[in-house]
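There are two complexes below, and they share chain A, which is joined by chain B in the first and by chain C in the second.
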Partner chain A sequence: MALPAIALFIAAIFFAVKKKNECWKWFAAGVAVQYITTLINTGKDELAGLISGTKADAVTALTGEQWTTCTVVIVLAGIIMLLCRYPRYEASQTLIASLLCVLGGLVIGYIVLLVIEPSGAFEAIQTILENFLTYSKPKSQMKYLGQTLVRTAPLLMCALSVLFAYKVGMFNIGAAGQYVAGACAALFFGLYFKAPWWVCVLAAMAAGAFLGVISGALKTFCNVNVVISGIMLNWITLYITNMVLSMDGVKNPMSPYTIQLRGVNPNGLLPQMDLHTLFGNEKSVTIAIPLAVIMAIVVWVVLNKTKFGYELKATGYNFHAAKYSGMKEKRNIILTMAISGALAGMGAALLYLTGIEEWETTISSVPGMDFNGIAVAFLGGLSPIGSILSAFFIQHITLGGSYVDTTYYCAQISSLISSLIIFLCAFVGFIRFAMQNRIRKRDEAMAMRKDMAAKGGSDT
Partner chain B sequence: MEQYAVEMLHITKRFPGIIANDDITLQLRKGEIHALLGENGAGKSTLMSVLFGLYTPDEGEICINGHPAKIKNPNDANALGIGMVHQHFKLVECFTVLDNIILGVEPVDKLTFLQKKQARDKIMEMSEKWGLHVNPDALISDITVGMQQRTEILKMLYRENDILIFDEPTAVLTPQEIDELMQIMKNLAAEGKSILFITHKLNEIMAVADRCSVLRKGKYIGTVDIKDTNKAELSRMMVGRDVKFAVDKAPAQPGEEILRVENMTVASRQHSNNAVKNVSFSVRRGEIVCIAGIDGNGQSELVFGITGLEPLAGGKLFLKGKNITRMPIRQRSISGMSHIPEDRHKHGLVLDYTLEDNMVLQRYFERQFTKKGFLRRGNIRQYAEKLIDQYDVRSGQGPVTAARSMSGGNQQKAIVAREIDKDPELLVAVQPTRGLDVGAIEYIHQQIVAQRDAGKAVLLVSLELDEVMNVSDRILVMYEGEIVGEFDPKQVTVEELGLYMAGAKRQTAAEETNDETVKE
Partner chain C sequence: MILLLQYTLLFASVLLLVALGGCFSERSGVINIGLEGIMVIGALGGALVMKYLPVEFGGAPVMILATLIASAAAGMLFSLLLAVAAIHFKADQTITGTAMNMLATAAATVAVKAMNTAASGGHDVSSDIVYTRARDTFIVRFGNFEFNWFMLVALIALIVSYVVLYKMRFGLRLRACGEHPQAADSVGINVYKMRYAGVLASGLLGGIGGIVYITAGVSSWKFENGVAGFGFLALAVMIFGQWKPIKIALAALLFGFFRALGNVYTGFDLLKNLNLPSQIYNMLPYIISLLVLALTSKNSLAPKAEGIPYDKGTR
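Take a look at the complex of A and B:
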């Protein structure tokens, strides 16, 4: 049904990337096919209604689900083509590359679903993309959009943590541990000391920063790779956290989870500032969301506008030159890891202090939040602002995956599809590189033609 | 029999905004050493990249041994017997010499196990035959630049290449190593290998080449027989005007002491011995003191010690009478020390930064560039534009050009501009003209002399004897971490210096004082 349309959109994008002028035809054809197939699908009655009635009927003739898919694909394809008109801007290149990756992930995910069980494949992809939109009532939609956003905030913080370290030349895979440490500190302060929320946030940041400093110090003084120390510390931190959060007064004696913060220390919860009223009174919507966005902007400003960012990036790009110019290169590396750790730790606080979930003290694997953070950072083109969008997208499809119909597919399929898309996101850099190469080649060809024309002119 | 090993006919290669090669013809005879001469940016490297398959030419054709050849990548070039020693060596730092030589053509037995013994024998034999002394088991990161280059040459010979391209091979070598290399090149040519020798050092061309082709600004100027020409003609062809080889300068008028080094000792990173041993000297206002010596005799460490990149193992440093022995690098810089580093890619520039960001690398924290922690982009841009203008730093997009994309000469000019414009009391310049063309060298020498005349103290470290003799007012020769002699350039010959540099002679303390008194 919608397949031919999607094929045409892909053709449109292909031509958009390859030749700028051809793409609109294919795009238009895709819209038309989508339109017509939908009409046919929805049955004769509506078709008859359309013929006799007004155009508005046609719009209502689309079923809700088809409408969403159709819109998503049209918007995606449209954005890509629009961006293709400005291939020279770095931001536009990154966006095109990111969107292509997302699209590629969806297509591969779709193929995987087709292989497993064709009949529900398209629906499943639709469900993943729709996430909270699968609910029909606007109020529930807003509620679950709220939940998605609540989980986006910590993901964004993890992405910021990863990209901040990356800009300074380090791959902070230890953000996972720093995130866990943040969760530990936030919950411990909130539950054990009944501390107010801001103390918990600061404690989480301090805990994350502390772990970061360990990695950073090991790197500068013993030349231990940050990745190695990071992975090791992830596990150490995880089990320490499980131990600390199993203490009396912190862990719920009846379950493996920590006590609900809402019950014992409402002050420990992040304030809502009435934001929850926007999202169907979803209680977990708090200032965490704007706070994360503000942090993204702060990170962008620090990296790009300040002397501090100038020093950090110089250190990351060329350690020796930083030393030569008298920067405190060792201090910079440790400081970077501290900040990166603080961001990850704060991310955990922004999740666990909303009361949306409790820490499971029997957990034996590091939460995936940080690893998704890596994908988010790359999908966002390593820009803090881009990460805001990509964090939302990744969280969107991750949660969307949980709505996939389990009568057709086993429960793991949701994670599989989301992870396929996340995996594809790693190719952003590659696609950008290919695009830049293409532009360079085209410029050369242009220069050649111009030169030939000039030569021809002078000959005559 | 075909007369030419390589014929590149009417090669044209365009890049956006520039024609790198414009209708260039180059014919390399079998068994000859053919020099390719041109300034930085004249198109030599592009032409060689075309020959080596890194670029496809827009027009023109290439014939190898008389047959038209399509070279699409370096593997094709290799299959046609073309080998290249790149200016920046393509070696795996953490591999041994042996591993690097056999990399890509590893001898294996039936079970694909490496047969290193066999390779080692072959390499040792070649090494003996050509006088290319290497230690096959040493790591690349541990050996001298000269030995790295010999490894590169062995790499080509191991692959039995007949057409050898040397891209500025002498830029990093000591005078003795250069002589050795020249001899090796002659031997190779005598054995029937054809050699393309890219350089802008006229002395070397006069010494070894049979013929020389000259490029200027992407255009082919001409090919001359070396026996029918001279340095002046070649340089005129290359630069398009007459070039002065001697540096014009008035006699030095040394003032008060700016830098005093007392019994300085610096540990080595390579070996357990000290790299600099108990060295004492001083540099006065208005003079250029030159440290001469063969590469690896402690000059780098001496400079690292003075500039603060390495801690001192012993001794004291004074800048304008102030003890700076333990002063951090930033403080030294603020107190009036400028440093043009030996390795512009490693220390001098942040290659991924723009030109303007690199221009303020030593001063970004000053009031005019930073306010309350925020960079003042407008002022940085203005300052960078001023320097670019004043020091004629050329780049594709002005201040926002990525430093990485600039030519070596212009990168160096940017560093020189940055360091001189800081208005230092002491300028420490280490091989400031390394890898640069005649025009750029002339310019940088003028700048250094101008600094001296403006009353600055200059400490110049150079491996090139021409530079040492021409620019300096006082020469200190370093050998194995010690200063073995002090000379007045007007009263010493290059040969005499060579003996000191090689460790065959050294002045005793008495002689030194004697020498001083003679000068007075």
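Take a look at the complex of A and C:
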């Protein structure tokens, strides 16, 4: 479609890698060509619309889409170029690595689609990436964007839970169980005791924290690996939750789901604060979304700007050194797991207290929310702020998967892509190492050349 | 009672196979959280053979052998993902393993659904594979007791593992790489090769464990569900067994018993009269393993270098 522009962008990126200022010219040329081709294309479409007399609506929607694609291409190319131009900053290295992971996941996912059925593969991957944009009306787009955001909030909380523990040297795979416990507590308080929403949220956090404390205590006092105890607790919690939420007054007697919160206890739902009017009156849009973002910022502040966070991280780097310098290392581990658990538990409350879905009491596997949380945390470069973006991305493609053409493909293709992304994230350390190595080698070569020039040696 | 014995032996075989796999991998110094995923992929490989290989073709021996080879090969192939990432690229083994677990379930679901959809022209979008007839060839009936050939396979795997780990040069070298790879390298052992061998062995045994698990009680499997945490249970068995084959076998029997109880408790009047919800029995193996781990992990005999990528520069 816009091959010349893409070629120009590739040239720009190439020069950016080579550290030449020429990259700006090539980039500008790329932008110009991209806009011109889009202009010609849209003009053509409008002309075609006029000639064939199709509805103006459809044509405008089509051209609008083309302009969006155009902008996305330009922005992406710009980001990649900037990153290649300034590779020394840690943030840009992490971003490059994450983008490579996403790209790798998408490419492999695309290949899988091609293997299954070549004819619709491109369309399918496009659908996954578009998600709510598949709807043509702006109002439904906003509505489904709202739904995506509602599901992004708990995912972000799970990611925060994982990354908080990871910063303290623990891999909290038990976040899944803590999330389930949070769902159990939130729904039980909301449905059985008809408690107001903030009580439910606190109960969910307490339940998650309780499980976290069990894992942390087993680690510090009995030397049980957090991963193993977390996994065991995941299954135990799942069965307990199914049992508790099957009680009378909580479970809907007609279906395997819990009773709708909206019907019995509207106070248990998170307040909307008129946010839903922004998203096409989507009822489930609540303060959960800003709350999750605020929590991300809080986690960032705690980890990076407080003495407490510093102590926790120090304990994670070296348990014995932390002990030696007078920190309460055991307390720190347990406290970390408690906070991590509370974050995951709160995530569940932020989903189930919006009324977007009910708990299914017959599920036989732990919800994927937490495992996706791991993907989000690592894709976000283990930074709370990066996680906000990656949470949206992962949720975006997960929901996008439900729109693919089911005559050939299935929705799980999205989970395939996100698990591929996590797998590739394991290589992030290696990618960054390779990048730093390159930079170092280039610096050395540069220094050597300067040295030669200073000595007056000729290099002909 | 016989049913309980039968299921105990079956589940113990699964746990034994998979835990032995984990043992090989960890003894070589690579933590294998991805056993669950390896089981799923191994099960997929075996189930496909069981579905497409006609029973008439050579009868039971061919069917058993082909299924075993297919699931072992699938498991080994999948375990290469861990081997390459953890050994060559020095990736974090826990993350890689977790990713493999997710990947296996997603990949198996996508693959089976694609096959079912294509075969039925879009009517059947389930992720089930049915293998009733093939499964019958695995079973020999002694009265009420259904002997499954896989029980024998597990026993053989146990003996072979013991001999390989403790009576052969290869086993000594493998264990050395898990305890002190630098020392092993200094006497000329190729640590990377040994670790590859360890991970591939875990893929082989894990893959076989997967097919044994899905054929244990049912004659069709829904791949969306994965293997319900059995790989993790096997890890607990391995830790409880202190990374030693014989102790692992005993631990597997114990855990297998509690797992079997969940399947057959309705057959006992005493347990039935207690009227506990079935979830309690489902929970039991996990609770027991958590308790057991809490009591035994204090003096853990874990291989000292497990989880640490080997870097030649650290010699």
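The definition used in the following text is that the second predicted complex is superposed on the first by the 360 of 460 C-alpha atoms of A that agree within 3 Å, B and C clash if a C-alpha of one lies under 4 Å from a C-alpha of the other, contacts with A are read in each partner's own complex, and residues count from 1 in each chain.
To be clear about the criterion, a residue touches a chain if its C-beta (ideal position, glycine included) is under 8 Å from a C-beta of that chain, and two chains touch if they have at least 3 such contacts.
The model shown is predicted, which means the values in this text are computed figures rather than measured ones.
In the overlay built on the shared chain, the residue A:305 is in contact with chain B alone; chain C does not reach it. By the touch criterion stated above, A:90 is placed in contact with neither chain B nor chain C.
Once the two complexes are laid over each other on the shared chain, residue contacts for A:420 go to chain C alone; chain B is not touched.
In the superposition on chain A, A:325 contacts chain B only, with no contact to chain C. In the superposition on chain A, A:405 makes contact with neither chain B nor chain C. More residues of chain A lie in contact with C than with the other chain of the pair chain B and chain C. By the touch criterion given at the top, residues 112, 116-117, 171, 173, 218, 222-225, 227-229, 231-236, 239-240, 242-243, 364-365, 368, 371, 374, 378, 406-410, 412-413, 415-416, 418-420, 422-423, 425-427, 429-430 of chain A touch chain C in their complex. Those residues of chain B that touch chain A in the complex are listed here as 14-17, 19, 58, 307-309, 328-333, 339, 341, 346-353, 357, 361-362, 364-365, 370, 373-375. Here chain C touches chain A in the complex through residues 33, 81, 85, 89-92, 94-96, 98-103, 105-107, 109-110, 113-114, 117-118, 122, 125, 127, 224-226, 228-229, 232, 235-236, 239, 277, 279-280, 282-283, 286-287, 289-290, 293-295, 297-298, 300, going by the rule given at the top. Interface of chain A with chain B (complex): residues 305-308, 310-311, 313-314, 317-318, 320-328, 440, 443-444, 446-448, 451.
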